[in-house]
């Protein structure tokens, strides 16, 4: 028979330093650095750090884009900290659209769960890759490239996006241009858009300047 | 009015070198290296490299574990090459189980789409984190740690796993022990299992030695 | 006195394997992979792989944006391969502009050498950071975020951009939208722009669909 | 003759910011994050941070596995923090064994210093690579794969393991299964082991549930 | 017309977690770790974190090496933190020299803005790559290799160095040997230099021991 | 009883893509890239790729430095490719010395197995950290910093160096200066050494120019 104490002795000598490497559930109360959040002490980590239930319910699509994005990033899901991946749920009502955007810090794979979505991205050489995706289809959007998702067909759509970063970022082009304080004359100069167009959309999207 | 040729001139001077950085759809016919597969020439890349439709249909769970795992790794989905993420579909019939396993090269987030799954992982300090997940729940399994998924409740279950590597690897513990050529006396020595147990499972799982 | 042969013996035993780690000048004739180009054989590498003289002359700004970007990426400068940095020269005539763009694969620091440049970037939360930069000023544009540079003041401007990737990529927003084959109805749907505006710019910038 | 003050002036202007990049000896009193421990202030760092003497003495092998693992990870050896490597000493008495285990966060090279060790690993495709190693032999165990070391021959054995992480982690399969609180019915379900076997080993190894 | 509140609602739900990924301007008052400095709170970040004006003026070359290096590393330029690049200005008076040195943590590209500079590096296999660079020429010095820059021609020279690290480090060989406390007998033993030479330079460069 | 075919079916569907991620034994006949060598086909990989026996015998110290370094880098030990670590054996006869050097691409931990070694490194701020190490002592030399090892005491010494790169590089300062073709006047200019000293050592170490 194997005597427990000796084995425990073995364990205590070799396992204590290693547990730090397993995971690093985020302590959201401390400052971040480029590698992410500080780790909670191991003794305060529990299963709830590794399980997130917020993607089960549809987001509220009762808005102008008829779309909702529900993130499961580090802030919502502390167990992801340092592990290099995250998710988001996408709900698209009829005519719903996720406007043109980029994720500065991650590539994305979209997985359609319900309905149809016309999705695409544009490369640096201005080649467009797009397709109408059906249930079960997946599409990859390489890091930092402009892409979009538009509801298609006759039913609302649900999809999940997965990212290779716990904090992928999200920059919506039209909100950057027309929902920010970038002065109109600069917007026009750097996009070739007409003054009337810029001012019209600034009014709608809350931009100033 | 803006004359096109000059702008195209600008573009041709600055865009040609950059397209390489956008993506690197795998040329599966060439040797790999630690960074992945070689890139297809840009001119041969098409939307089909970035879309994969193989996760829409349920896998065949008519087997002893009543489970099926359908991967969308680089081999199936060349557009993932170099982008640091991949997916897999998991089908669990009633009583289905994905046996204890690790992914040596990736962390995983599991997303339950249908049914209930009892899932968990074990840390280096032998702490167990497990929970019965419902539709819409997600759970993260940190890189390299032992974890499992078991069907729960009264309906079959479907889930999607996402990984922060285009090639996460998969090592099923019992197959490594009892489905390989590792001699029985060594299996017993390094696991404390009884000889009868090892030989019984070797017979079932195809192990030799 | 130190006998050379023995020392050379020492060297030959320990230095041959290490030279590979020093650098990896690109062999542009072989396929790339996510880590970059294959390395030239050491015996064919010379000083010319590590020196690039193409940034000394001004680019041709006789075009609609009155700007020229001259890259020193891996394709032009093979010695950069694998070393994680590159440069580009920026010439801006009076009224010159580098339109709104991102680098999907790199952060950038701009260094103004001559004249003044109004430069800025927009964050994911639609905050704008911009300033008129004078000679000797530097500004950083974090990876993947929309940014722009506009000539300012009464003289042409020259600047150098440095990137933390040998292949930073370059996606000019208006060319992606209006110089590509993305159908107009999709452009409008994902940007909120008016149909007339989209079609006008497509005509100018060479877009189709 | 070279006047010191001017040179010191040069130095003070260029060297102060760079010292941070040289090393980052761990301040073990502050929280960690995914990149490791916070750095001690440079003024408090001394040679003792970079030297560790704990691997010189044999570990106590008077236990059930007749083995001892003495780690030199960040906790023991603060100078390793951020530098991407660590070591451990392995002592194996006659019949000693390091049970089947993985390092979730590192690859390992084992170097046999004394005696013989039968060592091996199992790949994801259940191929076994194993050999009896003699003094001076080295063997590599790729990251995250199951491996083991067993004393061989007529003398005790000593070996050193080196890892490409300052905190490689260590998960011993049988302790994860039989020394944790994972309920027996789950252990059985995810491993195919018999109930009697599981309960027997749980008793020995301290498992509950 | 598009109702703002709903869109803002959409934004507030999806943008708050992502801003962290955009950048991480250094809070220089907190401890660093291997990934760099902690991030300032987003609300305290301003354009001045992303703009640095210290490279516009020539450094003081009135010293023994007739050279000045002005750094724009994280300490001077907090916006660089975590972004993987930095710069420095190099001023060389007639006969100016940047003595033989390495950057332990970065590769460098040098860009000559004014005058001529004879620059070179030595590989691990003791091959020398050097050239006299003119205005507009760039040269790359791979990470960790010994390199130097010497004024050439009849005018002072100005150049900018760019690094793929916000904190590249700088180790000047002769100062390490003759400006440190490394005992003379050790210096001689590890370099083959004569005792008289070592003691002469120690006197000049401030070394002890 | 568990029917094998079904389980094998499960395996064949999920294991084929994953084996690539386990390891990447180098095919030394193909070109390298910044990530290392191409991988051998899995079917040609055997245990001998993962075991290297070349460190068991002492190197020949019958040379001017009375030292020998025996590497176990990728070229000698193909199984290390892509795994981020390597080793070398160091033999020092009485009065043996490993001259001042850096590893441009790796940090090192030295482990003394026999005898005593005086070892040290110099930081960017010219601080010296050195100590006489005894059997079982380890010392870390951070990446890219100048360091040395000198035999101490009355017996020859043996040590093993471990690196966090399969190809750490090795640049011996005096060989770079006096064993290369760097012209003497440049050596003198960038090091402050006297002409006589430079020419004397060039003659001994084989330098030209």
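As written, the chain order gives the labels A, B, C, D, E and F, with residue 1 at the start of each chain.
FYI, a contact is a pair of C-beta atoms (placed from the backbone, for glycine too) under 8 Å apart; a residue touches a chain by one contact, two chains touch by 3 or more.
This one's a predicted model, so the numbers in the text were calculated from it and none came from an experiment.
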Partner chains that chain B and chain D have in common: A, F
Farthest chain relative to chain C (centres taken as mean CA coordinates): D
Self-contact between copies chain B and chain C, residue sets same or different by half: different
Between the pairs A-E and C-E, the one where more C-beta pairs touch: C-E
Whole-Å separation of chain centres (CA-atom averages), chain D against chain E: 35
Averaged-CA centre spacing for the pair chain E and chain B, given as whole angstrom: 41
Junction residues of chain C - those touching two or more other chains: 2, 11, 15-16, 18-19, 21-22, 32-35, 104-105, 123-124, 126, 130, 142-143, 145, 169-170, 175, 179, 192, 204-205
Pairs of chains, among all present, that meet the touch criterion: A-B, A-C, A-D, A-E, B-C, B-D, B-F, C-E, C-F, D-E, D-F, E-F
Of all residues in chain A, those that touch chain B in their complex: 2, 11, 15-16, 18-19, 21-23, 42, 46-47, 50-53, 55-57, 72, 77, 79-80, 83-87, 107-109, 111, 113, 121, 123-126, 129-131, 133-143, 145, 160, 162-164, 192
Interface residues, chain E side, partner chain A - complex: 1-4, 6-11, 13-22, 24, 27, 30, 32-39, 41, 81-82
Interface residues, chain D side, partner chain B - complex: 97-100, 102-105, 118, 120, 122-124, 126-128, 130, 142-146, 148, 150, 169-171, 173-182, 186, 189-194, 197, 200-201, 204-205
Residues on chain C engaged by chain B in the complex (per definition of touch): 31-35, 59-60, 62-65, 67-71, 73-76, 88, 104-106, 165, 167-170, 172, 175, 179, 204-206
